[in-house]
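In what comes next, chain A is part of two complexes: it sits with chain B in the first one and with chain C in the second one.
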Partner chain A sequence: MLSSYLGYYSLILGFILSVWLLFDSFISLSKKNKNLKKNTILVLFLQLFTVVLSFLSLVYSFINSDFSNETVYNNSHTTKPLFYKISGTWGNHEGSLLLWLLVLTLFIFLFIFKSKNQPTKYKLLTLFFQQIIIIGFFLFLLLTSNPFNFLFPIPNEGLGLNPILQDPALAIHPPILYLGYVGSSIIFSASLAALVQKNINADWAQHIKKWIFTAWIFLTLGIMLGSIWAYYELGWGGFWFWDPVENVSLMPWLCLTALLHTIVVLEKRLILQSWTLILSIATFTLSMSGTFLVRSGILNSVHTFANDPSRGVFILIFLFVLIVLSLIIFFFYHPKESSEKKIFWFSKETTILINNWFMMYFLSVVLIGTTYPIFLEVITNEKISVGPPFYHKLLIPFLIPFLIFMAIGPKLKWIKQAFKKIKIQQFILFILSFLISYLIVEKTSVEHLFTTILIGAAFYLFFITIGEFFKKNINFSQNISHFGFSLFVLSVLFNSLFSSEFSANMKIGEELKFDNNLIKFNNIETFDEKNYKSIIANFDIISVKDTTTFNPEIRIYNQPNILTSEADIKSSFFSDKFLVINLLKGDKLFNVRYQNKSFMIWIWISVLLLVFGGLASFVKRYNR
Partner chain B sequence: MYGKKVKLRILFLSFVLITIVLTIFLVLKSLEEDVVYFISPTEIKTLTELNPNKKIRVGGMVKEGSIQASTEKINFIITDFKNEINISFAGAIPNLFEEGKGVVAEGFLRDREFLNAKKILAKHDENYMPPEVKEAMEVK
Partner chain C sequence: MKKKIIYLIIFLLLIFVFSVFFKGLYKPNLYSPSQTSNKSLIEFSGKELFTNIEINSSQLISNNKFTIVNIWASWCVPCRSEHKILMDLSKNLNLNLIGINYKDNSESAKKFIHELGNPFSKILVDNSGITSIELGAYGIPETLLVNDNAKIIKKYIGPLTDKNVKEIEKITNQ
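Our next item is the complex of A and B:
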């Protein structure tokens, strides 16, 4: 009860402070001698404090199962373990928006705090733009999604959290993802501020780069956590399904990755100012559109908490306002590119630009694939879905030049590269990559030529980046990320080439042969856990070499009454063995699926390497 | 006539334009080929032509008492309470695949009565219903 009051009123206070900050920064901007007053910083801190307080009081209500709070009632249950009571705070619409707001206020506070050496006008402008976004979210929360609604009479028991969301990876997935998603808001605000101030130069690039890297690291990690969860929890054994909800996180990621590269070009060469700004604006717009698509209930998925049109309309209007605002600012203030600075076609910046365009192409494909079904349904009332073949067909061929440019780009010089400097070693490496690739592909039954070229291109990047590690004065952060990406592409390709699977419906005690293996369904045992009933099965898979025992599980949760499968996964260096079972017609017959997924672990390792590359860029900077 | 600079610019712009047009063409063509249509059992009955090579999705409820399973196969009936279609499927089923619950089957039509499913989808929410079932139920 009390904590709901506290949470609600501190939200209102926070909203008032935001409006005050908006006017205050505007007034300070219109004055001749601009300065960031101590008061402003204090209010900024208070704003963060109110949102943190509001968030903590919601967490407190969740921990104490305070069912007088509607959000807690809808999403929690007394028998739920403490960890999931806490993570339940952001496992729903209202709470996750409060988390958005928390991250928004946290970022602007950190930004002002960390930008002491930046021009005052720039800081004030950033504060101004960020407050517009913050006010939008305050209004959204208070008007359409108040997390502190009261319920009377107070229910004795809550409705519970969807059990597939009760998972450690998924408990931390939203906060990490939001740090990336919402982190792009500060890039958006700061870019608009730099634009208005006509301050887009090497210094600014160096300063904003840190924020771009921060957002990128969290976004990458957040997407990976979601993907890992989908891998072991959804029971399909895949890690990416081209589901619209996954796509909306991939789109800002592609945009942010492109931005990450152009900002370096801007820093070094002072070109592509407009392009950098467009990318900054687009990244945040895509993050917002993603929120709109997921939260409005247009997309049916586990992420859709409630199907409330008024929320969708609100985000749509807000999004529209932000886009129009940023476009107007862009057209009034956009920098005139100095035509004196030409880009020579064979240089580092050209390869970065080319791959930027490739990323924009990837982005367009994903955007069209995600939104086309929505438009078609609105216009013709026809329901369609766009599946993996569409994306694979349109994306994979273009990975070949993309990988090759990734390999040679970093080796080229800025401004102009002389041809003679290209060494014979690189050419040999090139041939070698395709040779190795051919030897691998030859053994498989897939179409040879295309797969050979694709894997060859990935190997080329792989070898080039390994070679770079042995040289002096390399860009370690860039190299390890590119190396990680080559490893990622290789593992994904090998994963799809060499994985095998077998499925059948089996009775207890039954034995079946498949390939050169024998699968034995030994028995089942049932247990009563705190908030679910557990059925644990025992399987043996006997191959020529060894016997592996699996204990896949089925959980029948009491509140809400949902059944989930917990796959048993045996990870090893070269492959994951994955066994999942499901009930079919009572508990007489079980649906069994066994998969041998090659190089699965390497997919996660390679993404971690990408992230590690991002982190390394900070270490390097501090050492300087 | 024009300076070298202008010529270069025109060349560059036409290059960009051609690339964009080609991209759009490529994307639209793939969309046409790879899109999977959602169809209800009733719509299948009224289809004018059947294309056995085109993947489709059929949505509805799993009819009570219709699930029959052998070691390799699962057969069941999807109903929208007006019409029905037989589904044959070999593979892994999702958690919430149950009689009387919503389901979507993706696969190829053999005829108006029979679909060879390659994938079975059910949503991870006990209250979920495929949109076409919802519509069919509301009409009822």
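Our next item is the complex of A and C:
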């Protein structure tokens, strides 16, 4: 009760402080102060403090199961373990928006704190733009999605958190993802500030790069955690489903990755200024659009919390205000590209530009796939859903040149690369990659030519990046990320090539044969847990080599009343064995699905390598 | 001149996107991952609430031109508000209503029907909730419109609205 009051009033106080900061930074712009006023920094700190306080109050209400709070009532239950009571805070619309706000205020505070050497005007402008975003979210929270609404009479018990959200990976997925997703707001604000200040130069590039890397690292990690959750918890045996919500996190990632490469060109060559700015603005705009698509209920998926059109209208209007604002600023202030600096076609910057074209192509495919159904439905009233085949057909062929450019690009010099004779070992490597690929693909029953070329291209990048590790003076962080990416593509491809599946309906005690294996359904046991009833089955899979025991589980949660299947997964170095059961009729007949997924852990490892590369680059820059 | 045209195009594009999204927000938009229009209703059976006699769905459905299968419970608040609409629908002569009483206490279910009237020709008890899950229910209330060949024509998640009723009347009166 008390904590709800505390949370609510500190939100209002935070809002007032934001308005003050907005005006203060605007007024200070016209004055010629050397440094930021002490007051400004103090108020900025207070603003962060109020949001943190408000967030902690909500966490406190969740921990204590304070059902006088509507958000807690709707999303928690007394029997839930403490860990999920806390993670329930951001497992809902209101709480996750409060987390949004927390990240927004945290980033601007850190930004001002960390950029002491930047021009004061630039800092003030960044503060000004960021405050516009913050005020928008304060209003959104207070007007349409207050997390501190009271309920009277106070219910005895809450409605509970959706059991599929009760998973450790998912508990930390939103905060990590938001650090990247919402963290891109600071890139947006800083870019607009730099645009108005007209100081888009190498220094600025060096300074903003740290923030780009920060956002990118967290976004990549966040997406990976979501994907791990889908794999372990949803029990479908896949890790990416091209669900609108997954796409919505992928789009800013693609944009941010393009930006990550372009900013280097800007830093080294002082070209592509406008393009860099467009990417910076687009990244956050895509994050905002994603929030709109997910939170308005215009699309539907597991992540949709809100189905109230008034919320949608608010974000929609706010989103377009931001877009129009940034467009106007861009039109008035956009820098003139220095025309003397031409880009030579055979140079590092050309390959980075090519990387950008590919990224933009991938981005448009995902964007169209995600929004096309909405447009079609509104205009023609026809409902369609765009599935994986669409994305696979349009994306996979373009991976081939993408991978090859990725192998060649980093080896080229800036400005102009002289043509040397193609080194013989490179050529051998190229042939070798395709040869290995052919030998692998030959054993499978898929379309040979296309798959051979695709895997060959991935192997080529794989070998080239491995070779680079043994050379002196290499860009270690970049190389490890590219190596991680080649490993990622390879593991995903092998995963889809070599995985096998078996599915049947079985009774207890039954035995079935499939592909030289024998599956035995031994028995089931039921247990009563704190907030669910659990049915644990016992299976043996007997192959020529060995016997593996599986204990898949079905959980019948009491609050809310939902059945979930917990797969039993045996991970090993080269493959995951995956067994999941579903209840069919009574307690007798079960649907059993057994999958052998190849190279599953390598997908996660490769993404971690990708992140590690980003981290290495960040640390290197930070220490400079 | 050229620049102005570009600005104009961007501006118009923005307005277009805005209006599409705006309109899209107000579209009824309920998640139906499977296309239900060509699917058949699975056969299900259960005890009738009042008579306690075991009945099978196939005989009920084939005898009528159209059948509505409504999944409800006395503890479900939206079901209570939806009940008026079901009462109105039960006056439609082309339509037979079957209720599925989802995870309910039979006494309170009977009380609910006595209080608000009985729109259903039969009410099947689904204590375990398995029948409802097999019917593909996401939550209650949920309503399926089925023809005499057991084809699912429409599926409504959440309480029926007046708009849904008009749609049902239109289909059944053809």
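Quick notes
Convention: the second predicted complex is superposed on the first by the 615 of 624 C-alpha atoms of A that agree within 3 Å, B and C clash if a C-alpha of one lies under 4 Å from a C-alpha of the other, contacts with A are read in each partner's own complex, and residues count from 1 in each chain.
In the analysis below, a contact is a pair of C-beta atoms (placed from the backbone, for glycine too) under 8 Å apart; a residue touches a chain by one contact, two chains touch by 3 or more.
In this text the structure is predicted, and so the values were computed from the model without any measurement.
For the composite obtained by overlaying on chain A, chain B and chain C cannot both be accommodated without a clash. In the overlay built on the shared chain, the residue A:I374 is in contact with chain C alone; chain B does not reach it. Of the two partner chains placed by superposition, only chain B is touched by A:N505; chain C is not.
For chain A, the partner touching the most residues, choosing from chain B and chain C, is B.
Of the two partner chains placed around the shared chain by superposition, chain B and chain C are both touched by A:L563.
Once chain A of one complex is fitted onto chain A of the other, the partner contacts of A:K393 are limited to chain B, with no touch recorded for chain C. Of the two partner chains placed around the shared chain by superposition, chain C is the only one that A:L316 touches, whereas chain B remains out of contact. In the superposition on chain A, contact of A:S496 is made with neither chain B nor chain C. Comparing the listed stretches 3-11, 39-47 or 111-119 of chain C against chain B after superposition, the clashing one is 39-47. Within chain A, the residues touching chain B in one complex and chain C in the other are 300-301, 385, 561, 563, 585.
Residues of chain A that touch chain B in their complex: 162, 164, 234-236, 300-302, 361, 364-365, 368-369, 372-373, 382-387, 389-390, 393-394, 503-506, 510, 512, 560-565, 580, 582, 584-585, 589, 591, 593. Across the interface of their complex, chain C is touched by residues 292, 296-301, 304, 307, 309, 312-313, 316, 320, 323-324, 327, 331, 374-375, 377-379, 385, 561, 563, 583, 585-586 of chain A.
Residues 23, 26-27, 30-31, 33-38, 55, 57, 67, 69-74, 90-97, 123-126, 128, 131-132 of chain B touch chain A in their complex. Only residues 7, 10, 14, 18, 20-27, 29-31, 33, 103, 128-130, 133 of chain C touch chain A when the two sit together in their complex.
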